[in-house]
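Below, chain A partners chain B and then partners chain C, in two separate complexes.
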Partner chain A sequence: MRLSDREQDGVVVLEPKGKIMGGPDASLLHDKLYEFIEQDKKKVVIDLSQVDWMNSTGLGILISGYTTLRNTNGELKLANVTEKIQSLLTITKLVTVFEAYDTVDEAVKSFK
Partner chain B sequence: MTLELFKTLLFFLTGAFLVFLAITITRDNFANRLNRVTGAMLLFAGLGPVFIALGKMVDPITTSPVAFEDTTLYALHYAWEFFFPLLLLFSWIFPVDRLSGFRRPRLRYIIFLPYVMHLIIVLFFDDLIDFFGNLSIETSEEGFASIVTQPFARLISWLHLLLSFVRSYDINIFGAISIVYVITASYFLETGRKFVTNPRLITQTKVVLWGTRVGLGLLLIAHLGSTVLPYTLPETLKSALMILSVAAAAGLLIFATIRYQFLDVRLIFRQSFIYSITSAILVGLYIIIVIKSKQLLEPVFGEQAEIVSYAFIILVLLFFQPINHWVDEFIRSLFIRTRTDHRNVLERFSRQVISLFDPSKLRNIINETLKTTLLVEKVFFVLYDDKVKEYALLISEDNARRVVISRSDLMLRGINLLDTPTYFYSLADYREGSNLAGLLEERLVKLILPMKDADHLLGFVALTDKAAGYSYSSEDLNLLGVLSNQMVTALINARLYVESLERIRLQEEVTMARQIQLDLLPSKPPELVCAKISAHSTPSRTVGGDFFDFLTIDNNRVGIVIADASGKGMPAALMIAQTQAILRSEVCNGNPIDIVLKNMNQLIADSSSAEKYVTLFYGEFDTVSGRFCYSNAGHNYPILARANGSLELLTAGGPVIGALPQMVYQSATVQLEKDDVLFFFTDGLSEAMNEIEEEYTEERVRRYVQDHRSEEPQALIDMILKDMRDFDPTYPPRDDTTIVALKIHNGFKVYDGQA
Partner chain C sequence: MKKPMISGDTITIPSSQEYLMDVDIFIEGILRGYGADESTIADIAISVSELVNNAICHGNKSSGEKDVRISIHRSGKKISITILDEGEGFNPDEIDDPLADENLLKEAGRGIFIVRSLMDSVKISEDNSGTAITITKSLS
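Now for the complex of A and B:
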């Protein structure tokens, strides 16, 4: 997984690319989130449009990110959830936990 | 006559050999005091026999009326006696230089005084006698002057007498002095030995000591022989014994030099030297045989001896070739191929370390090799410790005492840049504020041998000066460079071995964990009258993150659970063990299913990090009513394939267990009928992947179950597993794969709820 980030209207947009699979990916996302939390940027959208595949550990990373932000009064939302990830979220019933939007813009707007 | 010639030759050769060795040793390293003293000692030792040989050669030729014993040339041979004070001097600097400890080191030259006097006496005796004789005539005058001159004259006459006495017994007097010198020297050598710890130096000292002892013994026989024994020894025997004593002492010294590298005489020198000697012996022998061949053959072959002798010479020549080789090999094995030769050192070292995997034994061998072959006084190791990820200076052999070196230490960084053995003083730039530099300085470290694997510094060996003050030669530095490369290989081998042991141990632990996990799984599914249950589980690694379990709740109800922890291997297995235990205890408390899952989630979420979770399906099957009550915590939807061909998915429930606290779960109930099939599985089945990265998919699982719903549960499991493995032959599977199947055999009496 490669991870880039940008900011849009005061909201952090993280753009992971490739496969989210645990191992180094976990600390990569974790460190990035903490970096923003320390700057008091706690509104985060993860754009999943470029994520090909995600396994159970990958999902664990998203959950961990969600918890981390929520514990600091922040919020993590998902955007561009692919069909595959959508079905994973559905089966695991985490759709009720994660707020997911079709586009990044919508996700960013939802913070207002 | 022939015997006399042989003796002369022997004397000459011994002397020449000693002189030659003296020159070589002195030239080898003139700056070294030990070389100078040993060289001088051997030079004077060699002069004795050379003079005697010269004397014997001159004797028959000389026609002068004066006896040869009275010539100056003969008198000069006493110069060889300087050997004795030099031996004494030698004993002060070998094996440990103790001269620098003397309060007035210049006074040491006093020991030469008696021999200077002896030389003066033998050289100028006649002139002195004449001189004193003339003086004594003047004292005969009467008068006042006689008062002054009388005692003076008496003194002179006493001196005259003393001189004559000394001259007539000089051999005995100076012989006695020599004996005292030799005894003193051997005493110093003996006490010096106690300072030595280096094993090679100990051997050298021993050989040198034996040399002095043998010499002393022969000297005593020569001198005491004439006084203690009733008959006097003939003068020739006496001098021969004396020469022999010197030759024995010097010979053993030479032996120590060549065999034990007492002095750092270059290998090439030793080789060429030994080669010349063997060649000389063989050529001499050959010539004698060739010369004598005619005499030997004449009586047998008569006039034809001439022709036969040529044939004989050719035969001898052919015969000598292998002998030459054999003698050469023998002498080589005796002198050249010793433990201290570089090629030999490397061979021995690599042979020893190739099969050695114990790092501390390896250090001992390195230590021993450096001490015996290069005479290094002390060896210290600074090694990287994989366990603590730090460099440490090992103080004691058993690794128990160590000083950890900070990785930012300047000296360590300096050493990290080295590739070859380097003198410590040349690292002066890295000394500032370095703890390591201080530690090395305290230990008088002179040379650093870095041990590098690619660019990683495994550590280094720190060497002090060589024992007995020898200095490192360029040959030594080359050897050390090659040795340190070998050490690197050996160290890496040892480390890999330790790692492989560790891996085996871990593997054993995993196998044990696997056994525990297998014990936690039900050995066989419960046997029911109304239904048949089968189960299968394959972990992707030795231990898995999947599990299934059957719980007996009461007489009628059976609990069925299937779960999959996120991740794989040991962490997932631990998670599973925890989940299983919590589930069992929650079910025992008699809570309804939704509460069981809610409590479980809370407990696990509180005790593990958010990214660790379990997808879990738990259902309770009532064997009397045929009702199946369940809750699905984020697990792949189990399939209910109805007898009529329709499919239902068991989706009701809540999020995965353990990810987030305060989750709520729904439960649902389905009524099972005859020939219905319930199929539970983990994503190892649905997410199996072929080589073009296509997934097996849940869709395919559903279709397969639908198509094969008439099969018995075990057959259904086997068939779908085969289908999956045809699709993805990877074994063990990429992910843990677990399947539980249940098929209803009997129909159930339908309750209407109020009954």
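Now for the complex of A and C:
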């Protein structure tokens, strides 16, 4: 997995690419998320458009980020959830947890 | 230092997550050779990654002395993959229900549930040498 990040209207946008399956790749996303939390940047969108698939480790990272941000009055939202990841969110009932938007722009605007 | 070894339709890796990508490349390559569609390939790749993760971390306790062996076979339209570790096994019935409200925000504990949801069958067997989990999926 590769990971890039940017800021849009005061919102951190994380852009993982590839597969999130555990091991060193997955810790990249985890560490970057916590790097922004430590900088008090607590509005985060994860753009999943270029993630081929993720397993339960990837879902665990999303949950970890979601709960950590929520506990510090921040928020984590998802954008561009692919069909495969949407299917995983549905079967695990995590679709009821995460706020998801069709585009990054919509997700960023939702923070206002 | 041990490294992944490929022999025919089998890959053997040391018990380290750094080799997950080697397993994925091996499995996806064979599935593409079988003519599997991308959605089926993803379902199988996700399931294999879950089971190899479990074999490394829970079965072999990340011991560098122990290996995980992954074998793939095709019979007609049916794909079978067996993940074999050198651990003591586990009882899947003892795993908490990941859909229960109190477990929904837990970061771990969904692996086997996801595998069972994506695959046609999941069979677990144990003997003195380790635990073998065989998953099957039909090509559409």
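Following the convention adopted for this analysis, the second predicted complex is superposed on the first by the 111 of 112 C-alpha atoms of A that agree within 3 Å, B and C clash if a C-alpha of one lies under 4 Å from a C-alpha of the other, contacts with A are read in each partner's own complex, and residues count from 1 in each chain.
Assume contacts are C-beta pairs under 8 Å (C-beta built on N, C-alpha and C of every residue); 3 or more make two chains touch, one makes a residue touch a chain.
None of these values were measured; they are calculated from a predicted model.
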| item | value |
| --- | --- |
| Clash or fit, chain B versus chain C on superposed chain A | clash |
| Which of chain B and chain C A:67 touches, first, second, both or neither | both |
| Chain B versus chain C as contact partner of A:57, first or second or both or neither | both |
| First (chain B), second (chain C), both or neither touched by A:21 | second |
| Which superposed partner A:91 touches (first chain B, second chain C, both, neither) | both |
| Dominant toucher of chain A (residue count), chain B or chain C | C |
| Superposition clash, chain B versus chain C, among 310-318, 652-660 or 742-750 | 652-660 |
| Doubly contacted chain A residues - partners chain C and chain B | 22, 56-57, 59-61, 63-64, 66-67, 91-94, 96-97 |
| Of chain A, residues touching chain C in the complex | 19, 21-25, 52-57, 59-61, 63-64, 66-67, 84, 88, 91-94, 96-97 |
| Interfacial residue positions of chain B with respect to chain A in the complex | 564, 566-567, 609-613, 615, 632-637, 653-656, 659-660, 683 |
| Complex interface listing, chain C residues touching chain A | 16-18, 20-21, 24, 39, 42, 45-46, 49-50, 53, 98-99, 104-111, 113-114, 117 |
| Footprint of chain B on chain A - complex, ascending | 22, 26, 56-57, 59-61, 63-64, 66-68, 91-94, 96-97 |
